[in-house]
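Chain nomenclature is as follows: A, B, C, D and E, assigned in order of appearance, with residue numbering initiated at 1 for each chain independently.
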Amino acid sequence: MVTPLVKYFQFNKRKITEPPGTLIYVGEEKTEKVGITVFTFDETNYQERKVDDLNEIVIEKDNPTITWINIDGIHDTKIIEAIGNKFNLHPLILEDIMNSEQRIKGEELEDSIFLVLKMIYYRPNTKNIAIEQISIIFGSNFVISFQECPGDIFDLIRDRIRTGKGRFRKAGADFLAYSLIDTIVDNYFIILESFGDRIEEIENDLITNPVPETLQIIQTLKREIIILRKSVSPLREVINNLERAESELINKSTKIYLRDVYDHIVNVIDTEELFRDLISGNLDIYLSSLSRKMNEIMKVLTIIATIFIPLTFISGVYGMNFSHMPELDWTWGYPLILLVMGGVGIVMLIYFWRKKWM
Amino acid sequence: MVTPLVKYFQFNKRKITEPPGTLIYVGEEKTEKVGITVFTFDETNYQERKVDDLNEIVIEKDNPTITWINIDGIHDTKIIEAIGNKFNLHPLILEDIMNSEQRIKGEELEDSIFLVLKMIYYRPNTKNIAIEQISIIFGSNFVISFQECPGDIFDLIRDRIRTGKGRFRKAGADFLAYSLIDTIVDNYFIILESFGDRIEEIENDLITNPVPETLQIIQTLKREIIILRKSVSPLREVINNLERAESELINKSTKIYLRDVYDHIVNVIDTEELFRDLISGNLDIYLSSLSRKMNEIMKVLTIIATIFIPLTFISGVYGMNFSHMPELDWTWGYPLILLVMGGVGIVMLIYFWRKKWM
Amino acid sequence: MVTPLVKYFQFNKRKITEPPGTLIYVGEEKTEKVGITVFTFDETNYQERKVDDLNEIVIEKDNPTITWINIDGIHDTKIIEAIGNKFNLHPLILEDIMNSEQRIKGEELEDSIFLVLKMIYYRPNTKNIAIEQISIIFGSNFVISFQECPGDIFDLIRDRIRTGKGRFRKAGADFLAYSLIDTIVDNYFIILESFGDRIEEIENDLITNPVPETLQIIQTLKREIIILRKSVSPLREVINNLERAESELINKSTKIYLRDVYDHIVNVIDTEELFRDLISGNLDIYLSSLSRKMNEIMKVLTIIATIFIPLTFISGVYGMNFSHMPELDWTWGYPLILLVMGGVGIVMLIYFWRKKWM
Amino acid sequence: MVTPLVKYFQFNKRKITEPPGTLIYVGEEKTEKVGITVFTFDETNYQERKVDDLNEIVIEKDNPTITWINIDGIHDTKIIEAIGNKFNLHPLILEDIMNSEQRIKGEELEDSIFLVLKMIYYRPNTKNIAIEQISIIFGSNFVISFQECPGDIFDLIRDRIRTGKGRFRKAGADFLAYSLIDTIVDNYFIILESFGDRIEEIENDLITNPVPETLQIIQTLKREIIILRKSVSPLREVINNLERAESELINKSTKIYLRDVYDHIVNVIDTEELFRDLISGNLDIYLSSLSRKMNEIMKVLTIIATIFIPLTFISGVYGMNFSHMPELDWTWGYPLILLVMGGVGIVMLIYFWRKKWM
Amino acid sequence: MVTPLVKYFQFNKRKITEPPGTLIYVGEEKTEKVGITVFTFDETNYQERKVDDLNEIVIEKDNPTITWINIDGIHDTKIIEAIGNKFNLHPLILEDIMNSEQRIKGEELEDSIFLVLKMIYYRPNTKNIAIEQISIIFGSNFVISFQECPGDIFDLIRDRIRTGKGRFRKAGADFLAYSLIDTIVDNYFIILESFGDRIEEIENDLITNPVPETLQIIQTLKREIIILRKSVSPLREVINNLERAESELINKSTKIYLRDVYDHIVNVIDTEELFRDLISGNLDIYLSSLSRKMNEIMKVLTIIATIFIPLTFISGVYGMNFSHMPELDWTWGYPLILLVMGGVGIVMLIYFWRKKWM
């Protein structure tokens, strides 16, 4: 079945009646408690804890220790507001964070950078994709990341902090932010891989056994690719701007890594375009295979009908009850007429043979 | 039924014979009295009244009190002219206001900014959309808004002024103008939602029961989306220019809000493009489902016809009245021929089975 | 009938053998005498006359009196040459004026501005559109306009000069030139209106009674819209350049009016694009309605054939002349077989009913 | 027949194994002797001769006499090399000249300008188009032109030099180069005219008698238009750059003429785009006329079959040989059954009539 | 058979779990030993050897002798790492080299330039194309090239070094790098040629004998052209940037050659676009030939059926067993009815003839 459209696009009417800057969560309804995980680390140490009260977290401006606050859930107005107060964020930024329909964007704030990205998952059991909005705010020594629901996508990064693997512990907050982005972008390749697998499946089906369902699978893929494009295309510009930004928040050494992410994004977009071409090619094959099948059926009908209709007519003629039908009394009338019928049939078969209908 | 085109595009011939700058109302004919509502407010007080004579309104240049004049109807030449005189507007601006076919635009005038926008309504009873032109002029301490017909779209804003909710009473005329724009843009999401619902409906129909009417619904949607695009696309540029304008009329704090509106507009355009893709995908499904249905019908015809046409021929042969047909006198002739017929039929069924036509 | 292509595009072979700058008329052959009308006017007076000899016209450089020379016909080499000498124009400019296939363009000359525009008429009797090239040259106190054939399109402007209505008599040559352009652009709206009417007609036809002729009307419309686009699109750039030109020939007050014309042109282009979308939508409806009709026909054939072919077979069986066919001698054989036939027919009808073919 | 693709695109494998800058002729094999024609002329005199040895030609740097060397054939490595030495040209330029697959381009060299253009001929006998590469190098007082094969395309220019007609003799080498370009561009109009004629023919055919061959003619035209576009589109940029070049080799007075050529090129491109639209419109008509014809055929089949199949069944019933068929013995049985049959037929005809199938 | 998609796009999941900059080979699994070939040459001498240990290679900074290291295989992490250490390359560069899915790119590093290109082979035996990634790093006096697998593509260049042919031995490292690029780009023409041949084959097939397999060949070609485009399009920008780079690593004389390569790339892209147009044209021909064939089959069926069905009906009428059928006893009844049947048949044939169905 084609995934219902409404899954991907929810427009919350209630929102519209409120003045801009009002904090209202836009997305699937949720009641789970929002989890807040805090990592503090420098080159030598790291600390990891779950907090309930944001006031527990103290970030000193000139402290080289980096604090990463990860918030699992964007539906709790109070927590978002507290973050806003603590880090001095404009109400519109907070509104963007809480709106799971927010467009991908990057904004340089006074002393931090704000990013909205989309994580895309492929759910093998329901065979469709899910979108999750990830917002990231990072300053000179802190990173705040907002996930729509608790998930393990950043576990790899947590492990690297814990083990001190990679450049994490030595590098700044900008490198941590980059790593979060990189994780999200790497995930797109998994989606692309699943697309590739499904396109291959379709292609095999089209050749061996084209069925009506194929069209629906093609349509589902087509729209999932559209959704992927919508989530990735604007990101190219965002990362490009980040790389070129003259902000002091991004070190030169991190920019090389941002360039690398940019390359990956371009690669995703290219592959996505390629997949679109492939899918529309498959649609052509499918439609023309319908036509071809029709032709085949028509040919059989035509051959059978055009051979037997005239023969039936001949038999009909000699089934008439006229008193004076001299042929009927000939001794060889019956075999003769059978011969004539056979002849007519053979002539027609030759005709069809020549027309390459057989 | 497909909404008649002419509803959306009226070209008034009479207009063309007049010199440019002549004030003539272009739009549906109307005779209602034009209502003028005036709000004056500052941080502490607000006053609300309906006026008949524009001379009652006095706006002092350096007074921080903000005056919002809302005019419900653009068909009364006298009132528009009076506004023109009072606020010293070029005749071409007045002409634009009175022309309900005016293109969306933003213009910086000497000491005010002029905007033309399109409000879009979805009318559930007639199941089509309606366009209303909204013109806005704002200066340092006044906002004039022109609606084609009296409506309640700005009631939310009136309430916020009355209750002092949001930033309205504290902020300047630019924030009020922004709020009007924001209300119009927010409304596009309602339209998009209705589009989303109808596309979902179509998709369900296509799967469960594709009917010819579906094509017309698809076409109606397609053209309504075209109309939406025509109303929204130029707005992106207009708001972008407004945000980047160096005019003293727009405060820096308001620009952040304009950026937010800009984001919303881009979101509307993106979703509209997505919907266009989805609809053209549905068209493909519809057309191919027609083909497929045809194939199915042809298959049944072919199976029935190709099985019985040869059998009928055989029965025809033994219905001939030749005197010398030895088979007719065989005791087992009849059962034998029935067996032959059954055999022919079964062979054909097997053939069709193998061809996957059954 | 589809309007023959050659009507719109004539490539004059003879021309190619001549060196560039040679004055040769390119267009339909004509022999009428070219009419020259001269208007001279200032704020208080105006004079109107027809002249034969261009030497009668004297234009003094610093005289504020404005002279408008309108030339009805571009096929007389001598007159064009005389104009060229009098106003010191480059041979290539004269060549452009005489070439009715000239592309739309605007050029700033030494002390004048040269414009080539296309007037488009809709001829209701032949139901097709005609293109006429209008060239305009204007300097500080003169305007020369060239029409391909005598026409009344500028009569409105003549009237306004005579009555002193609008800003004509007070404004300069640039405003007169603007007025000529404005008249031509306003005319496009009449064409658009006729397109709108015809598209609406087609849509009604498609719903009530789709006929093969519809396709040809759609094709004619499609190509007329292409021709309109070809005539209007480059104009946008021309007028935009004119508005931004730093030439002293165009007053600031006139530029506001040029902006207005620009808006109109953009509106024409937008509507034309919309019409193209609508027409291609209609093409889809038409083609799918062909498919649908085919399906309907096939269904009837299939139902009739699949019901009666087996029944005919049964009757054929009992029409065979075998000596030993016990059923034939049963007393209730005939009614029984009729019942069997009826049963077969009803079963099939139920099958079709369930398949939603009826 | 569709013109074989390979005619237009030859990729010479041999070439690839040689280092860049190696002079190898790429194109159809040729053995004719290369003809070299030299024109020298100034305002008062001109001299015309054929030479074998390039050393005969002496060009003094400051001599105002203009030398035009026309070379008919690019397959003789020695001549091209000699030119290269004489005029001090980079090996890559010589390689470009000898490669008949070279892309259109314009390059400013040290003291000359190098252009590669494509001449397009329409060959009425084989009904297809041929491409010839023309390279032009011009300096302050010389022009060298390379044609692939001897031809008369530049005869017009030779005549103008001989008779001193036009500006040729007075103007510089740049004007001669311009004239060569102009001749090539003018020739495109002849091609466009032939396209126009053939499109008109197709349109007439489509209306009066659509045949399968039409599709092939449409395809041939489509690809010829593609080839034309490939030859003309890059030229726009080349001429535009030439016009804007600050090179001393191009006089201001010549630039006006280059602007004129530029206009012609834009006109060719516009018309070519128009033709593409027309042709794809014709393809639509053709395909839908196939569908329509099919419908018509099906209708006839359906009408005949659905009328006679039930009637045949009725006659079959009364052809059965049951002993007890009371109707058979009725005196009016036969006329009655004929009436019933007629009735059934008429009812069906009325049904078809109402369905608008007849 | 359509080449499986997965051949061209492998997304290595394992990779994603590693931090960026980790060296992991992405591509087909391989175990062959990586071959390292080193060429050192200056104007007078050259030396050629295979090495195992990179430490054997010594490159002195100011030595004019040029060293070319060619590495046949990118799957050995140790060698890539050693190169990285020796030439001081960023881990991300090394990662790019080892990732056979890397996008085409060019990057200016501190004292070298890094390029990623794609070599494309056509394998005649499997009738599909293969992609190989070639990375090139070059500095002032060294060039390092990485091939995915050992191959002979650069043998031409090796020969030229050995024989001192061309400019190789005299020119710098930049010219050697250019030569490698040139070899790769020249190879695209071989691919284009094979495409051209196959398109021509398809066109001949379509005319003489359209078969279902043609569609699959068309689809394969279409996707191979997509892959070619993906490999060539970004290269245009890369070479353009290289040509315009202000790096000291590229001599002015080499830039002329880079311009030449750029021209070739544009030519490849143009031809590839042309091929795409041709192929989609062929798809149209194929699909419409299916329709046409269908029509032809239908026509034969219709003619046979519509002629014989009424005749069969007539014979059926006179096969009825009514006691009172006066015609049956007429002496000339039988010949008369045969005449009637013949007449009906002839009338129908004339009808079909006129409808141009025969």
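In this text, a residue touches a chain if its C-beta (ideal position, glycine included) is under 8 Å from a C-beta of that chain, and two chains touch if they have at least 3 such contacts.
In this text, all values refer to a predicted model and were calculated from it rather than measured experimentally.
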Count of contact steps on the shortest path from subunit B to subunit D: 2
Self-contact between copies subunit A and subunit E, residue sets same or different by half: different
Centre-to-centre distance between subunit E and subunit B (centres being mean Cα positions), rounded to whole Å: 43
Distance from subunit C to subunit B - Cα centre to Cα centre, in angstrom: 26
Contacts with two or more other chains, residues of subunit D listed in rising order: 291, 294, 298, 301, 305, 309, 312, 316, 319-321, 325
Touch-based graph of the chains, sorted into line, ring, star, complete or other: ring
Neighbour-by-neighbour ring order, given that subunit A leads and subunit B comes next: A, B, C, D, E
Parts of subunit E lying in touch with subunit D, wherever the complex brings them together: 156, 160, 165-168, 179, 182, 186-187, 189-190, 192-193, 196-197, 199-200, 203, 207, 256-257, 259-260, 263, 266-267, 270-271, 274, 277-278, 281, 284-285, 288-289, 291-292, 294-295, 298-299, 301-302, 305-306, 309-310, 312-313, 316-317, 319-325, 355-357
In the complex, subunit B residues that touch subunit C: 1-2, 4-6, 9, 11, 13, 15-17, 19-22, 90, 92, 95-96, 101-103, 105, 209, 212, 215-216, 219, 222-223, 226, 230, 283, 286-287, 290-291, 293-294, 296-298, 300-301, 304-305, 308-309, 311-312, 315-316, 318-321, 325, 327-334, 337-338, 341
